[in-house]
Structure formats: C-alpha cells, structure tokens
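Look for subunit A in each of the two complexes below; its partner is subunit B in the first and subunit C in the second.
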Partner chain A sequence: MKTTWLSAMIFAVLTAGVRAEDIVVIVNPAAKPVSKAQVADIYLGRSAELTPIDQTVGSSIYVQFYQKATGRDAAQVKAIWSRILFTGRGQPPKQLPDSAAVKKSVAANPNAVGYIEKSAVDATVKVALPLD
Partner chain B sequence: MKAAPLREALQRRLGRIAEPQILFPLIAVVLLAAMWIATAGIIRLKHTEAEHDAALLSRELLGTYEAQVVRVLREIDQTLNLVKFWHERNAMRGTLSELKDRGLLPPDLVFSVSIADRDGTIVESTRPLGGESVADQDYFRKQRDGGAILVGKLPRGATGDGKLLFSKRLNGPKGDFDGVVMVAVDAAFFVSGYDAAKLGEHGVLGILGTDGIVRVRRSGESMFSGDALDYASVLPTPDDADAVPPVSRSSWDGEWRWSTAREIYGFPLAILVGLAQEEQLAAVRKDAVIYLSWAAAGSVGIILLMAVLGRMSWQLAQSRLRESESKLEHARRVEYLAYHDGLTGLPNRSMFSKLLAQRISEARRYDKQLAVAFLDLDRFKQINDTLGHEAGDQLLVEVAARLQGCVRDSDTVARLGGDEFVVLLPEMEDGKQAIVVAQKILAVIGKAFTLIGHEFRVTASIGISVYPQDGQDEQTLTKNADIAMYQAKAEGKNNFQFYSEKLNANSLERLTLESSLRHALERNEFRLYYQAKRDMRSGRIAGMEALLRWEHPDLGTVAPMQFIPVAEDTGLIVPIGKWVLKTACLQSAAWQKEGLPPLSVAVNMTARQFLDEYLLQDLAAILKDTGMNPNLLEIELSESLLIHDVETTLRILTGIKLLGVRIAVDDFGTGYSSLATLQRFPLDTVKIDRSFIGELVGPSEDAALADAVIAMGKSLSLTVIAQGVETKEQAEFLRAHACDELQGFYFNRPLPAYQFAQLMRAQTADISYVGTRAGLLNPQL
Partner chain C sequence: MKITWKVGVGASVLLLVTLRGHADTTLDQYLTLSGFGTLGVVHSDYRQADFTGEYIQPHGAGFSQSWSPTPDSDLGGQADLRIADGLTGVVQVLSRDSDDGNFKPGIEWANIKYAFTSDLAVRVGRTLLPTYERSDSENIGYALPWVRIPNEIRYSNSATHSDGVDVLYRIKTGTVTQDLQIQFGRTSEEFSGAVFRGKDLVVLSDTLQYGNTSVHLAYQTMMYTFSTLPPARFRLASAGFTYDPGTWFVTGDSNVAHYDFFGNFYAWYLSVGMRFGHFTPYLIYSLEDAPDSAPPSGLTHLGDERTMGAGVRWDFAKNIDFKMQLQRVLIETTDAPASFNDVQPGLRPGDKANVVSLTLDFVF
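Here is the complex of A and B:
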C-alpha cells in the first residue's frame, strides 16, 4: 500500500512537469489583442511595439511558450537575444519568477505583454492569444 | 643598296603569309592569343578587386567587432566596479539582490554575477547557490594578491558553452582582501555577432588573451576555445595597422585567411577577425570559370571559323589550280590540234613545215641528205564522190596507218590535206633509200582496202625531192616534191618520180594552166565548136558533136587534150561540163527557132561529170531551162568509163534515158567490153574508135577487125558512127560495110556556131552543093 501511494506520488510529480498545461498570452485589459506573429516578433526582438515580460529562463512554461509561439528552443532563443544584446540593438525581456508576478506586471502596464498558464488567468488581464 | 633585297625578302615573307594554309592559322593564333590574354587579364583584375574588397571588409568587420567587444567589456567592468563599490561601502550581504532589484545588473540571459568571501566560498550569486568554493581557483589567488580585472580561461577544446569569467578583488574597510566579485559570461556571447553574410562559413571571429590563449573563436556555427597563438605575431605592428591584411594559413584548420587582430585598450585581450580566402574569392572563381568557358567556347568558334574559312580558301585555291590545269590542258589540246590532223592524228602541214625546217638545218650541219616524198592517192576524189565522205575518211585513216607502218620511227608521215600525204626521210645516205621507201609505199597502198563492205584498190603517185640538190630550203623542197608528184601522175599514176629541172618546167606550165582554168569560165573564155555527122548514104548532115575549145588570152586556143585532164583532176570539169551542156542546148534551140532543121547534138561527158551526184538534176534543169528537145541531145561516154562499175553506170544511164536523152558510146572497141555487158545498157549509138578507122587502108586483117566492130554495133541494134574519117578510101570502106554515119575531117572540121549555121543553111538550099563542097573542102584543111 505504501509503495503504491509512493508510486502515485512520483507519477503525479513527473506528469506535472511533463504534461503541458495550456498557455495563454496576456495583455493589459486596455490593450488590443495581438496575433501569434506579433507575439513571436516581440519575443525575438524583432518588434518593440509592446514590452515583453518573460518567465524564468529554462522553466517549463518558458520552454513551452517559445516552442509554441516562435517554434524555437531555448538555446536558439538565447542565441538570438545574445546577438541582439551583443550588437547593442536591444535588451532581452525582463524575467519575472512566476505567473503571478507576470500577471501583476501586465495588469500594471498597458504596453506589457506576457504569458501564463490558462488556469492562472483572471480579470486583471486579458487573454490576447491562446497557445495550444 | 641593301634595302632592295631586304624589302624583297620581306615581301616574299608577306606573300607567304597571304597563303591560306599560313594566313588562317596565323589569324586563329592571333585571335586566340588576344582572347586568352584578355580573359586572363580580366580574371586577374577581378581577383585583385576581390582581394582588395576582402581586405577592406576584414578591416571594417574588425572595427565593428572592436566597438561591440569594448562596449560589452566596459559594461562588465562597470558591473564589477558597481558590485565592488556597493559591497565595500555597505559591507553586508544582499548586494546583488539589492542591485538587481534596482535593475543595475546585466541581463540574466548571458551574464551571471557572483561574490566569493575571503575564504573563496560563493556567498552571493544571481544564479542559484550551491555553496561552491573558488578558493583553489587561480584567479582567486591572483585577486587575493593583486587588484586588476582578470579574465579567465576556458578549458581547451570547449565548444562555446563555457563561461568566461571576469573577476575583481573586493577590499575590506582597511584595504584587506575581502573576497572576489565575478561576472561569468557565456563565451558564445562574445562571438554571437558572427555574421555569416559577411564572414561566410569559414571566417573567424575571436577573442584572444594577451597570454596568447584564444578565449573563444567562431567559424560558422562552430566555436572553439583554448588554442595557443603567438600573440606578438598575430598583432600587426602599429605602422601597418591600416595596411591591407596579409593572407596567412591558419594553424588550426589549414584555411588561408586575411586575418587581422587588434588589442583592446584597458583589457588584457585582443580581437581577431579573419576572412577565408577561398570563400571570399568563390564568386570570382566562379566568374573565372565562366570567363574561361566563354574563352574556350570562343576558341572553338574561332578555330572552327578559321577551319571553315581555311577550307573554303583551300578549295578555292584547288579549284583555281584545277581551272588553270584545265586551261593548260585545253591549250595543249589546241596546240595539238594546231599541229595535227584531226582525222588521222598525223602531223599537219604546219607541223611538217617546222619539222622539215628543223631537219634541213640538222642535215646542213651534219652534211647529210634528206628526202621529201609527196604522195597523192590517184582515185581518191572518185571514191569520195561515189562512196561518200565517210568511206573517204576511212580510206585516209587506213592509208595513214599503212604509211606509218612502212617507215622508220625517225621518219615522219604528215597529212597536208585532202588525199595529200608527205613522208620526210631524214638522214639519208643516198637516193636509193628513198626508192626503197617509195616502192614500199606503193606496195602497201596497192593492197586492197575494205570500205563499207566492199573491196577497193587505189594507187598512189609519189614525187620525191632530195636535200641538198633539189632545194636548200623547206619551201623549195616541198614545191619540187609536189612537181615530181604531178609528173608521176602524168606518167600514168601508181609510180614515183624524182624531181628534175625538166620536170619543173612542165609542171610550171601545168600550174599556170590550172590557175587560169579556174578563171576561164568567169572570163567567158570557152567556146563550143560543132562538127557535123553525115549520113552515110545521103551525105546530108545527120547531126553534130559539140566540141569544147578554150581561147586563152595569152596561149591562144588550147586543145581539150591539154586542159581536160587538169579540169578533171581539179574538179573544174563539173561546172565546165554544165556550161557545155547548157550552151549546146541553147544553141540548138536557137537554130530551130531560126527555122533550121532539128538536128541531134552530141556532148562529151567525162568520168567525173558522169559520176557527179547532181548530174541528173542538172541535166533535167538544163533541158527545162533551154527548152531543148531531149531526144535531140546525145551524151557521149567513153567505153572504159561504162564498164568501170557496171551497177552504178547502169543506174545513171537509166536516169539519163528516163529524161529522154540519147546515149552514145565513144571510142567503141577500145574498152574490151563484153557484148553481154553492153547489152545491159540502154545505149543508142556506138562510135567506132578512130584507131580502127586509121588502119582501114592497111593490111586486110585490120579491115576485118573494123568490120567485126561494126557488126557488133549492128548486132546491138544501135546506130553505128565512124569517127575520125579523114580519107575518101576510109569513107568508101565504111559505106560498103553499112556504117550509119560518118564523122571526121574528111567531111567537116569542127566549126564555130555561126559557120556551122551557114553550113546548115547551105544544105537546106542545095543538097548537091553541100555534098561536093564537103568533098572539096577536106583536102585543103
């Protein structure tokens, strides 16, 4: 019995990390919705129309977001931003530790854009684009 | 003085160049050389340009890279200084979080900042902490002892995911060692500015420490760390800092590059930029390949064009050559024809003259004799007339062959024209040689010829003249041989004669005769005389014979015996004979108009006339034109002529007979013709030859012969006329033997037309008078 419980626990932990939760791109409720292409441009430093807010580099949501929104993995994203940074053409997005912080920052800044789990969405922000 | 031959030599050379087999290859070589030189020049130019561009590009890239690296390094240095300042001032934990919250630290994405305490333990970091210690690290020890910025190294072979560590010493309140602040940067970050569009896949972007160790370098997507370089040699001396960078071979990948490096002010680092030669020149190489292909295609084109032009020119030259050869051939042919007889292929008169002249001069020089033998076929004209020209030509060809067959190779046979041939015998020892050859010739000509299926025999007359006695030059020798040949003809044909002075005189006479005979008709020098034929019983004029006389302005009256053979030989007899016939017919018609009694007129006809192909036509035309009664016209032909070719004779006689004209046989009894042959001919009259009449008064056997001849004529139921009756005795004899008519000096000499008319008028008036007059007249004349 004890082992069964333990196995279930381990399974739950693993799937929590592996199973992709639906991610949504959020903006300030006052802002206009954005397209997927716009999101990709903003997060890869090709457009500055909105201020992107990032999650922790290498986190599960970070990896999934970039995969879905830009089709690139973390290393590629890092290389892109490294180049932008090195050549002095821009600064990488500000990183915030969790979705709550992101939500808070977006709610406070009408020009901000961020991404959080769908489940974390509330009235303070507006879903601009669901990623699935 | 020397200029002329030099110029000639030059012209000769230039002339040779103009020959197609030299000219076109030369043009091809010049064009090819020009094209390839131009191509090589263009390629070289492009190459130089590309090298220059690459060098400039590498310097430009170096400048950009330097600016970027310097900015990043300053940022790092500032971060180190900021942390150091904050830490030393506050001397408490939480420096980094404090600074981060204020946004004073560089982005986490590439930078991480850490602080180690004086024991080397990491106490603060922008990354998660794991309690690591750096106490044993080289930089830690160095920072404990010094204070400058230190740049860490990466392990050799790292491929870009390593971190480059920048560190600075932290001081305590009293300046004692209080730890180290560190900024770790992704090594790849320093080469993230690698622009493949400019640097290609094999360019180099890198950072190098003053220690000669490469911190990181990147070529394309691959990064590498830790190679050692000779720092001093990599960096250019300040003098040539602006110069075009040299191409050098990289020690790590063997690539040739334009490499340039620059030291970063204030840091123990230098930057490195390299452009791969192969890559930078790839476009030029590609262009070069294209240019070379074009040049190769052009070369092929030029060679083909020149080959075609050369070939055409060669063909032109060949055809010109052929044309000139054919012209030459034609000229040779013309010359051959000019000097040879077309029919027999023998040398002609011109050639013979030349040869003869040549031989004469040789004979003169070596004191030798030579002979010229003229040869004329005796009956050629008749053969030509009766058998046609083709048979005549065939005969000539055969004669030519036979002649050539019986002389030596050194002798020359030539054809002078018609049936005249000449044989030149050079280098004769004596005249006997010419005799031998002449006999040989007569023998081979005398053999039978087969022409158009019939066998024929011809004979030849040969005249020979000998150098030097018969002439010293070509013309004299030729003329004298000709004279000797006429003599041979006169001697009865089928023989040869040597020239002599006497011959010359005779022949000259003959030649004169011949030439004046040609004009006699035009000048109206011929006259007709008429001799009466008398009836044996009544003594009245029964008819007449028209006799031709030639009244030559210089020679006086020329007897027929003298000029008829010449006219016969030359063919003039035909127009003369026609004139005779016409004149006789006109005269007869005129007399009848005057009211004189219609008497028959006999006209003699020679062999040539008789065999003339237009005879019957001419005769018919004359009868029609003159209105002559054909029954009154009598043609006299010699017996020998009749029996020569019985079939032909019969055909012609029948034709004459059909016109209504009477036919008489002249000189009857001399031709040895058989009665059977004579019976086949449509004859009307026979005239007994004067030779029988002349003998009548002699021995009795002659009288018997004449009697037999008369009997023979009678047996053919013909009118028998005696010719050449000159005495009363002869007339008496003939009357006794029942001859029909008489003709001769005894009764009447030949008279001009007006006298003959008087004779006829007299007879009409008084028969007995005429009879006695005839008897009286004769002895006087």
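Here is the complex of A and C:
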C-alpha cells in the first residue's frame, strides 16, 4: 500500500512539469468556421483553403498541436511536407517564433490559421476549435 | 555541350544548397534552398546477378560485390524561386548511381509554374511523371516508409521524366478533393548502353483524397524508340491507394502496361505498417509478371519476380531516419528480372536472393 502511494506521488511530481497546456486553433475574426478535419487537411498540405502558420518546428506546442489535430508526430509531418516540397506542389507552413507572433499574423490576415495556448487568446483573434 | 550545361547547373545548385547558411537574408524572399539524400548500403547473398535499386543501374550487390553502396545512395538539391505574383520556378538536381555507373548529377525538375488560382496551375519544363502513386517522390527516401519503391512496380515504365507542359487542377466536391494532373511532353533515358526516347507522351493522373484515404489513378501513353527498334506504342494504366490515419498505414499500387514490341506487364505491391513511438515496422509484398503471350521481342516473362520484404523505419533524430529492410526475392525469369542487372549464365528461374538494405535518409 505504502509503496504504491509513494510511486503514485513520484509519478505525479515527475509528470506535473510536462502536463500539456490546452491549445486552441485560431483564425481571423472575419473567417468562416472550420472543422477539425479541415484543420488537419490544411496542416498536412491536402487543402489550401486557409494559409497555415506553424510555431517553431519541434517545439512543445508544435508537437502537441500535430498530435492532437492530425494524430501524427513531427517526423511524420516532416515526411509529408518533404514529399510536397520536393515534388513542386508547395512549401511547408511559415514558422513564427511564439504565440504572440502567431496572433499578430492571424489578426492581420483573413486567410490565416494558427495555433496558440488557450491562455494566450484575446479579442484580436477568434477561436476556431479547442484541441483536446 | 548539352552534358556540360547539365553538369554545370547541377553542380551550381548542389553548391548553392550546401552554402545556404551564408545566404543573404534579402535573397530569402526570392530563393529557398533545400535538399535531401540517402546514404545506403545493400547486401545480397545471390551470386548470379547484382541486386540494384533501379533498373538503369548497371551494378549493385551480389555478383560484383556482396556489399554495395550504389543502389540507394543519393543526394538532391533544390532551388525554389519566387519570380513574381503566382510565378515560381524550381530546379532540382539529383546525384544518384545512373546508367553509366557514376553519380553524375542530373536534372530531375526544372520548370516554371504559373498559378492562375489556388486550384489551377501550369508548369512548363521538366517534371517527374505522376504515373505511379509515389513515382514523383521515388528518390526522396525520407518521404517513403520503405527503403525504396519496389523495383517491380517501376519496371514496366522506362520513362521517368517529361519535358513539356503539366497542368495541375484541384477540384473539391464536399469532403472529397481531386488533384488532377495532365502532362504532355517527351522523354529520354539512357540505359543498357542505348537511348530510350518517348514522344507524344501524355499522362493523366487523378489523386482523390478523403481525409486519411487517398486513391491514385493514372493513364500514360507514348510512342517510344529504343536502340534500333522502330517507333512503337506504350500504354499503361495504374491504380493505387493509401490509408494512413497516423498510427498505422496500408498502401498498395498496381499497374498494367503494354509495349508493342516487348509485350504486356503486370505489377503490384501491398504494404502495411504500424507506428510504435519512433519506430515504424512494415511488411511489403511486390510482384512483377509479364505473362505468356509471345511478344515480337522473343523475351518471355520479361522481368518476372516477386519479393517479400519486412523492415523498420526509425525516426531517431530530427530530419533523419534509419531504415533496415530484409527482402527475399524469388527470381522467375532469365530475361532481365526486375531487381537485377549483370545477370550471369548460372541464373535459374526459381532462384532466391536474400537482400539486406540499410539506409540513412535525411532532408535539409
């Protein structure tokens, strides 16, 4: 009993630091609603309905976003975009360094879509979908 | 003269790509440099022929040497140019073991693209043919789940490029997207010491996409000449699919081809894989068959073989993967089996080759 409780405490302490913060997909306030399937299509290069914006490739929010929105890890996403790039069909999404930059870009462009922490949302952008 | 020009462009692009760390930032608005490559080695225990990574490679592993780095190793560089609104250009140069047994850089893509809308674009210049589901990315190891696209599926089509015009049109009906591609052009390849030329080359390709499912259908036709043969017709129809929700995948491709002189060919493969963390183990079965009809060439069962393969892809670091692939190839013909060159007199139908391939694929 005591050992189990101790293990549980240790586990909780170790994982507390890596608990993911909620992420949301944001669009320009004037944009139409967009579904999870559409977001996946846009970020995997299958659709050009909106212009996707990435955060830094490999960063924690990048990895969480793709896992939740597309069910894929960073290497799988890179492989998909490599095929698109090297067959002349497009370029991977532009990368911006942080959520503030993503918000600014999405607020300025009616065709843009991005992802930021839920806590970073403000009136300049519209939440299209929460991701859990 | 022509060869020198190609080598010049090729070397320049590869040099530019490797120096891109020093590129001026204002240049970034107009020019993007990127590249890919594979370092690979293949071992084959079969001594009566060389296992190759592509039919035009004159040598490989098995007969001339039991371990060979030539089947899959390559290096590619690409320059993407933003010329004006909607107008872009691309040049991609690839260095890979080619028909004359060296790694002389060749131009894979060189075209100007104009996008009339986000759904309609025209490319003029050189493009890779979209004949098979993955033919336009056949050299991008990092984009493939396996070490290489099965040799059997590519065997029947001697053309890989088109020099001409390519139209790309995307149609969306509800949740289904269709990427249509129409190409008109000509092609030439050198192999077996002779030149293969294709004229009046037309390819129609449709990739239908619905979420994680895609289906690829294509039809190709051309008039070809090879060596001293008179002009003859080639036709091919292909159908392939992929279902990839991320945690596992299943994919297959198939084609039926006809050469007026060489006869009919059938080929297909089926593969399934699963993702466990950074590892993606897979199985792949591929087959090529030129059935019995007696072609004017007199070469029966041209290329016949079947391969059972199993392997694993390990994405161990950013932008690089490692793959190990084991294959057992059943050779069913003495006439140019799909994966082999340097065929020796001792080759018998029914022989089996055990092949191990190890590769590092990277993009930059």
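Of note:
Just so it is clear, the second predicted complex is superposed on the first by the 115 of 132 C-alpha atoms of A that agree within 3 Å, B and C clash if a C-alpha of one lies under 4 Å from a C-alpha of the other, contacts with A are read in each partner's own complex, and residues count from 1 in each chain.
In this section, a contact is a pair of C-beta atoms (placed from the backbone, for glycine too) under 8 Å apart; a residue touches a chain by one contact, two chains touch by 3 or more.
Because the structure is a prediction, the values reported are computed rather than measured.
Applying the stated clash criterion after superposition on subunit A shows that subunit B and subunit C collide. Applying the stated contact rule after C-alpha superposition, one finds that A:Gln95 touches subunit B and leaves subunit C untouched.
In the superposed pair of complexes, A:Gly58 makes contact with subunit C only, with no contact to subunit B. Contact with subunit C, but none with subunit B, is seen for A:Arg46 once the two complexes are overlaid on the shared chain. In the superposed model, more residues of subunit A are touched by C than by the other of subunit B and subunit C. Of the two partner chains, both subunit B and subunit C are touched by A:Lys78. When both complexes are overlaid on chain A, the residue A:Thr87 reaches subunit B and subunit C alike.
With both structures placed on the common chain, the touch criterion links A:Thr124 to neither subunit B nor subunit C.
On subunit A, the surface touched by subunit B in one complex and the surface touched by subunit C in the other have residues 57, 78-79, 82-83, 85-88, 91 in common.
Subunit A meets subunit C in the complex at residues 37, 40-41, 46-48, 57-58, 70-76, 78-80, 82-83, 85-89, 91. Residue ranges on subunit A touching subunit B, taken from their complex, read 57, 78-79, 81-83, 85-88, 91-92, 95. Residues 68, 71-72, 107-110, 186, 188-190, 192-193 of subunit B are the ones touching subunit A in the complex.
Touching subunit A in their complex are the following residues of subunit C: 32, 34, 36, 76, 78, 80, 90, 92, 109, 111, 113, 118-119, 123, 127-128, 136-137, 140, 142-143, 168, 170, 172, 175, 177, 209, 211, 245-247, 275, 278, 315, 318-319, 321, 363.
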